[in-house]
Amino acid sequence: MTQYIVLSAILFTIGCVGVLTRRNAIVVFMCVELMLNACNLAFVAFARQHGNLDGQITAFFVMVVAAAEVVIGLAIIMTIFRTRRSASVDDASLLKY
Amino acid sequence: MILTILILLPLLGAVVTALVPGALARLVGLGFSAATLVVGVVVATRYSLGGGMQLTETRTWIESLGVHYALGVDGLGLLMVLLTVVLVPIVLLAGWNESEAEGNNGARSFFAWTLALEAMSLAVFTATDVLLFYVVFEATLIPAYFLIGGFGRAGRGRAATKFLIYQLAGGLIMLASVIGLYVVSADAGNPSFLISDLAALDIDETTQRWLFVGFFIAFAIKAPMFPVHTWLADTTEKATTGTSVLLVCILDKIGTFGMLRFCLGLLPDASQWATPVVVVLALISIIYGALVAIGQDDVLRLIGLTSLSHFGFIVLGIFVFSPTGGTGAILYMVNHGIATALMFLVAGFLIHRTGTASIREMAGVEKSAPVLAGFFLVGGLAAAGLPGLSPFVSEMLVIVAAFDHHWLVGSVAVLAIVLAAFYALWMYQRTMTGPDRPGVAPVVDLDRREVGILAPLLLALVLFGFYPMPLLDVINPFVHDSLAAVGIGQEGGPQ
Amino acid sequence: MELYTPVLALALLATGFAVFSVVVSAFTGPKRYNRAKLDSYECGIEPTPQPIGGGRIPVKYFITAMLFIIFDIEIIFLYPWAVHFDQMALFGLIEMVLFIGTVFVAYAYVWRRGGLDWD
Amino acid sequence: MTEFVKPSIEYFELWPLLVVFGVACLGVVVEAFLPRTLRYPVQVVLALGGLALALVGVVLVAQDVQTYEDGAARGILAVGGTIAVDGPSLFIWGLVLALSIAGVLLFAERHLDGGVSAFAGQAAAVPGTDAETASIAANREHTEVYPLMVFAVFGMMLFPAANDLLTMFVGLEILSLPLYLLSGLARRRRLLSQEAALKYFLLGAFSSGFFLYGAALLYGFAGSMDFAAINEAVRNDVGSSSLLLIGTGLMSVGLLFKVGAVPFQAWTPDVYQGAPTPVTAFMAAGTKVAAFGAIMRLYYVALGADRWSWQPMLWIIAILSMFVGAALAITQSDIKRLLAYSSVAHTGFILTGVLGVQASGQLATGEISSVQAVLFYLATYGFATIGAFAVVGLVRDGGGETTAIDRWAGLGKESPVVAGVFAFFLLAMAGIPLTSGFVGKLAVFSVALAAGAWPVVVAAVLASIIAAFLYIRVIKVMYFDEPVGAGPSVAYPSVLTATTIAVGVAVTLVLGVLPGPVLDLAAVAGEFIR
Amino acid sequence: MKQLAPLAADLPAPGLDAFGQDPWWVILLKAVFIFLILVLLTLFNIWFERRVVARMQHRVGPNVHGPFGLLQSLADGVKLALKEDIIPKAADKVVFLLAPVIAVVPAFVTWAVIPLGPTVNFFGHQTPLQLTDMPVAVLFMLAIASIGIYGIVLGGWSSGSTYSLLGGLRSSAQMISYEVAMGLALVAVFLYAGSMSTSEIVAAQDRLWFGLILLPSFVIYVISMVGETNRAPFDLPEAEGELVGGFHTEYSSLKFALFFLAEYINLATVSAIATTLFLGGWAAPWGIENVWEGANSGYWPLLWFFGKVFIFIFMFVWLRGSLPRMRYDQFMALGWKVLIPVSLAWIVAVATIRVISIEGNIDRTYLVAAIAVLLVLTIGLMFVGEKKAEEAPVEDSEEPHDAFAGGFPVPPMPAGGPVRGGAAPLTFATGRTTVTASAEENHE
């Protein structure tokens, strides 16, 4: 059981690092999704460990939320991308003071 | 009830004044301040010399915080109230033309803010609930801020901000102590802010000291004492003299008032524990204030600094814990109020004429304007503590008490008198005497209005100089009570 | 788990086959170099240069993808509901009607806003 | 296969939630089927009516709720224990609804910018293209903002009422996602606002990832999603404490991000500045209220038994927030950024109240409890903030709002009323007596001190001094500085914004002078259902 | 397995517990068999299709290699193997090579859970004619099938050619669009079967085929499965007129063959799924088991099963031979605006009926409520139906403005697909030429 947790932790960390290091908004965004899925893995693993279904149900809902996030995220990224023709986080610099 | 009226009247006045058209505003404002004066006098007549809190009224304000709307006056409070109600009309009259500069709108807001300030100050002097006191204590700052920032000389904006920051800082530190008191009372099982309840608590040593520090810092900033006085000179320099009178003669009294009311009243042990430090600070303020004053070139700055020295005397008087000292201190608060007001106003008129506050640029005023010069001289001598003028009495009392406390303290205090005489006379000499300088138009003498404004102050100085009895009658019971609280029970003050 | 091992077997078999054919075709076929042959085919005209990482993808496809996600999620919820429908008969029906109704609101909105019209 | 048990759904207690959700869906339908001209009025009426209806519902429920089993708290656990409709929930619901009604008024404001709302005519159109100009010419606007906002309100109500990790997460997302979109819809300075949306979204999703993983670990620790069960597990100390500790930490990251506490405040200034001012107002007020409700529920209910492990963390974060917020605010030259940083500082103050929690046994009769203090502070802060931002929306020049502070010089002469109102809100934020802010500070400080967190209180006092300087500087600029160039002009608002501001002033003043009733209300709200 | 043997005797349909108990060699054999079946099936299908289409077009079709040209497909395969293997320089090498593999493997794997028959004696070992089964078998199939889409998208993207890219995007877009409808169509089946395991679904149909009681679902599924497999009339990704070869324009040699293989296996797969879910799987059509007991035991069911599958395959071919290709927007509209709402409404209807049948004494209010909601939905549909009044022009008018949103330049679509043969009847002078000609022409 623990190896699943370890795996999810590793995935989570990868996503986390990705968010912090990558510069392309879409990639950052995918890293976030990776984090969410790591959470799903952890949930399911724990659910199996504790022998109740809560974790798996949660995984369902997380999927929904992730989907919603994808939709909204893509929308936002597309608009800004069309405005300044680049999806790099660094280019979004007007707010740095 | 009467006290509530006393507070609400000027507040109402402020609102009305702010609303009526400019031409009327000054009259209305003056009218309200006069009415307040009347009410104040009524309060005084209602007051019986027995001491203790009188004319009290108590209502629950914020139940779940144990806050009450509680008013009452004791001797100290009464004197302060009287000082306030007397000075405000005078200030308004003095500012009659000065605020003209800003146009009617300026005059209107000047009067309105002044009345608001009066209301708040009265509330401060009559509040008997710590939180209520704190609230109005802070609330005085807003009108003061706009008075300083709105009227006076260039750079007043900075001065106003500096003033407000200092005061707010002190206030917030004090807030911590206020809350501390509340928590202590809550732990004692009855969360309340009433002074009467709080006085009943016995607070353990360390807590008491912490709370004391909080309160004392705030009051030290208010009544400027040595390390935290720097806002004073700037403010008095930039603001109009009327404002300065309000600040130095009324608002700053809140500091010493608070020391008596809270430091001694609620935290006696801690007060004694802190005495050495406080006394030293007081002495430093006395000497430092006097010395710096001597060198000043700006009249208003100079006067401001002298009152730093005077507040040193007051604090000294309070913290030597002797009936004499206490009495002297309180008496000093009144006298200083009158004397400094006189000084500021005269200086104001002078500056109004010469157009400059720089001592270097005026000379030989006494020839062209003898009356003005006369008032100026009296004011100066009063500040210097000339026998026969009221400050002399209080100063003597304090110094005597100081000697009782420790000969060193006393002698330092005496030294201050010499310095005071020096700066007062030298200033007079530099400004009034000597050949009037070429190119400077001779100064017009005071007109009837101005004399009318100054006269009552002069009378008060002389009267109380020879016959301070009525004041002492009011003061002594209070001093006795508060010293009893501290644990020094010996009887009576000087008769 | 052992329910899935056969799948693994089949998958390995298929992968082996696919990889094999990809590899083998490299050897079986002739090698006659010709630059034109390596250009991407555009009916003979000079091929339009492609930006790195593939051409730009029309927004329309993103929208389709988003819609697909939404409805796929809905389906995800429908399946277990359907399988266990008999147990929670009426309650299940009402809840699911509400659920479908909610999704339908969004669907109607997208439709009206021309999200479903392929220009 | 476990046997299916039909959960009971307490429709009456959930009435407010259901109404808000229904209204949101209805709004979408309106968007879909009504002709463009009708949408604006219908949407506004719908949103206002729905929120008002929900507010009524909250009042009714609040009058009706009985004490929960053990009697410590009042309320019920609805929908199989996933939603706790207890005193604090109801208080927060009411507060959020009131604030969001004000928000709708601001959203609907059309007078400030020449007959159009503050929202982009066509978010999809690239600025500067024909599409943009066409949409402006067509005088078009996104009426979707109203359903979006109502959805956000729904999230704000679900979030603090959630009684298990899953519901809390869902609430968090429902609250966040619409806000991400809304903040990207500014009519002017489009790029700025889009970048704000992007940053808000990326960071927000990031933090919610942390929240979720923390939830997973807590679930792994306790074997249940339910707060009460987690609390049991903590008390009986089953499972590995490291899971508990890490889980708590990660969840805190997610929550503290939402309230913009240091070190998770990075998004606050950017988003506050970039988002359309009405959205900023609504978001600043509503999110904070909801998120703090959730924070308290998580910490008090789920992790109450583990207080000693999270209180120190909160100490540090509170102190940091107050100082960093106040200090950075001083350096700002843009009023919206300034308010943003001040909101960070306020987060610190509220946290001071949150960490002032005591076991109810330790409280003297009539002494103020931490829940009470925090709820009250939230009320004061919410109204002051929404009012302040409403005023910010009024001060304009040719290019829309003028948010550069030095351009505000001379506002006191230009329009004494507006300047006075704004100064009043600033004083309230500075915590000057006779404003609501003072009583709020008093409350949170006293609970913190009572809980023995005196270092935090001292720090808080010092921080408030810094903050005070900050607000006074703005007042000085408005009143005593000479205007640069033409000076600011004040656009005269319609009744909508005017009402909002008036309400803000009234509440701030009343809560400052007579805070009694609201404090009592917060006291009646009482404890969470544990 | 022993205790299951008698059980298997009276009830041939195996329960879930019959699975996952085979020894390794059985598993291996089964896997190999499925693999072979699929490959052969594909070869056969290609031939079959070409013959039938040819017939429909008054041609002969491949008739040279082997009896009836049965070996034609094999020959083509060998030919492809000998073609040069070109990797365009614009291509992304790794992905370009990976894509065909990704496309093919899922196609095979899907068959792992298709029930080909009841429990039989498999080399002396009692085991169901099905590689494996699982509680979520159908979901598994859908999941795996959708992995295949990656193969197509990646193939199109990695080719580095506009045609391929757009072809890949199109096919993925249409696959996912129709996957929604397909998924919704299945819900009703699960609702009646109460399970997602293929074998149990088959067992649930022993009395009545779902294809009949759930006719709408069946129809929807059939339509969407055609779209899912990119077959005519929905073969837009390979619309020669617009996109040359679609996503596999740049592929040659065996890599191309793999895509081809994948397409035809998917063809068989969806047919098999349709058979399993709607036509009672391997069970013999009724009537037959009455006259002949053995029909549903032993290896006979294979016959029924593939019989049914071939019905579908023939249908595919028929469609291709007779219908013109749809326009892309019509196609999307059909998927999004017709199939999805209809299937949603249908699901609700089925559920309602089911509820009524479950608890006869249903209290009216609930029923009324449900029906009301149903009405609301349909009325909503009505509304939407007569749209475009003031909405569409306004919205559309914006699209062209922004540079990127406008989608790619779509050339005016030719009405119908490229005309095949269809000329005057041929005189079969020398079949060879025509054969090769048609052979060339049939590899688009």
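The letters A, B, C, D and E name the chains in turn, as written, and every chain counts its residues from 1.
The working rule: a residue touches a chain if its C-beta (ideal position, glycine included) is under 8 Å from a C-beta of that chain, and two chains touch if they have at least 3 such contacts.
By chain, with names taken from UniProt: A = NADH-quinone oxidoreductase subunit K; B = NADH-quinone oxidoreductase subunit M; C = NADH-quinone oxidoreductase subunit A; D = NADH-quinone oxidoreductase subunit N; E = NADH-quinone oxidoreductase subunit H.
From a predicted model like this one, the values you see are computed outputs, not experimental measurements.
Chemist: Could you name all chains that are in contact with subunit A and with subunit B at the same time?
Modeler: D
Chemist: Most contacts: which chain pair?
Modeler: Max contact pairs: C-E.
Chemist: Please list the single chain whose C-alpha centre lies closest to the global protein C-alpha centre.
Modeler: Here the chain at the core of the arrangement is D.
Chemist: Nearest whole angstrom, what separates the Cα centre of subunit A from the Cα centre of subunit D?
Modeler: Spacing between the chain centres: roughly 25 Å.
Chemist: Give, as an integer number of Å, the spacing between the C-alpha centres of subunit E and subunit C.
Modeler: 14
Chemist: If you average the CA atoms of subunit A and of subunit C, how far apart do the two points sit, in angstrom?
Modeler: Computed value for the inter-centroid distance: 20 Å.
Chemist: So how far apart, in whole Å, are subunit B and subunit E when each is placed at the average of its C-alpha atoms?
Modeler: The answer is 95 Å.
Chemist: Of all the residues in subunit A, which ones touch at least 2 other chains?
Modeler: 75, 82
Chemist: Touching at least two other chains at once: which residues of subunit D meet that condition?
Modeler: Residues 33, 124, 126 of subunit D touch two or more partner chains.
Chemist: Using the touch definition up top, name the residues of subunit A that touch subunit C in the complex.
Modeler: 60, 63-64, 67, 70-71, 74-75, 78, 82
Chemist: Flag every residue of subunit B that touches subunit D in the complex, lowest number first.
Modeler: My answer: residues 60-66, 131, 134-139, 141-142, 145-146, 149-150, 156-157, 160-161, 164-165, 168-169, 172-173, 175-176, 179-180, 182-183, 186-187, 189-191.
Chemist: What residues on subunit A touch subunit D, complex-wise?
Modeler: Answer in residue numbers: 5, 8, 12, 15-16, 19, 25, 28-29, 32, 35-36, 38-39, 42-43, 45-46, 49-50, 52-55, 57-58, 61-62, 65, 68-69, 72-73, 75-77, 79-80, 82-84, 89, 92-95, 97.
Chemist: Under the stated contact criterion, what part of subunit D meets subunit C in this complex?
Modeler: It is residues 1, 3-4, 6, 25, 28-29, 31-33 of subunit D that touch subunit C.
Chemist: So in the complex, which bits of subunit C are touching subunit D?
Modeler: Spelled out, the residues of subunit C in touch with subunit D are 84, 87-88, 91, 102, 105-106, 108-109, 111-113.
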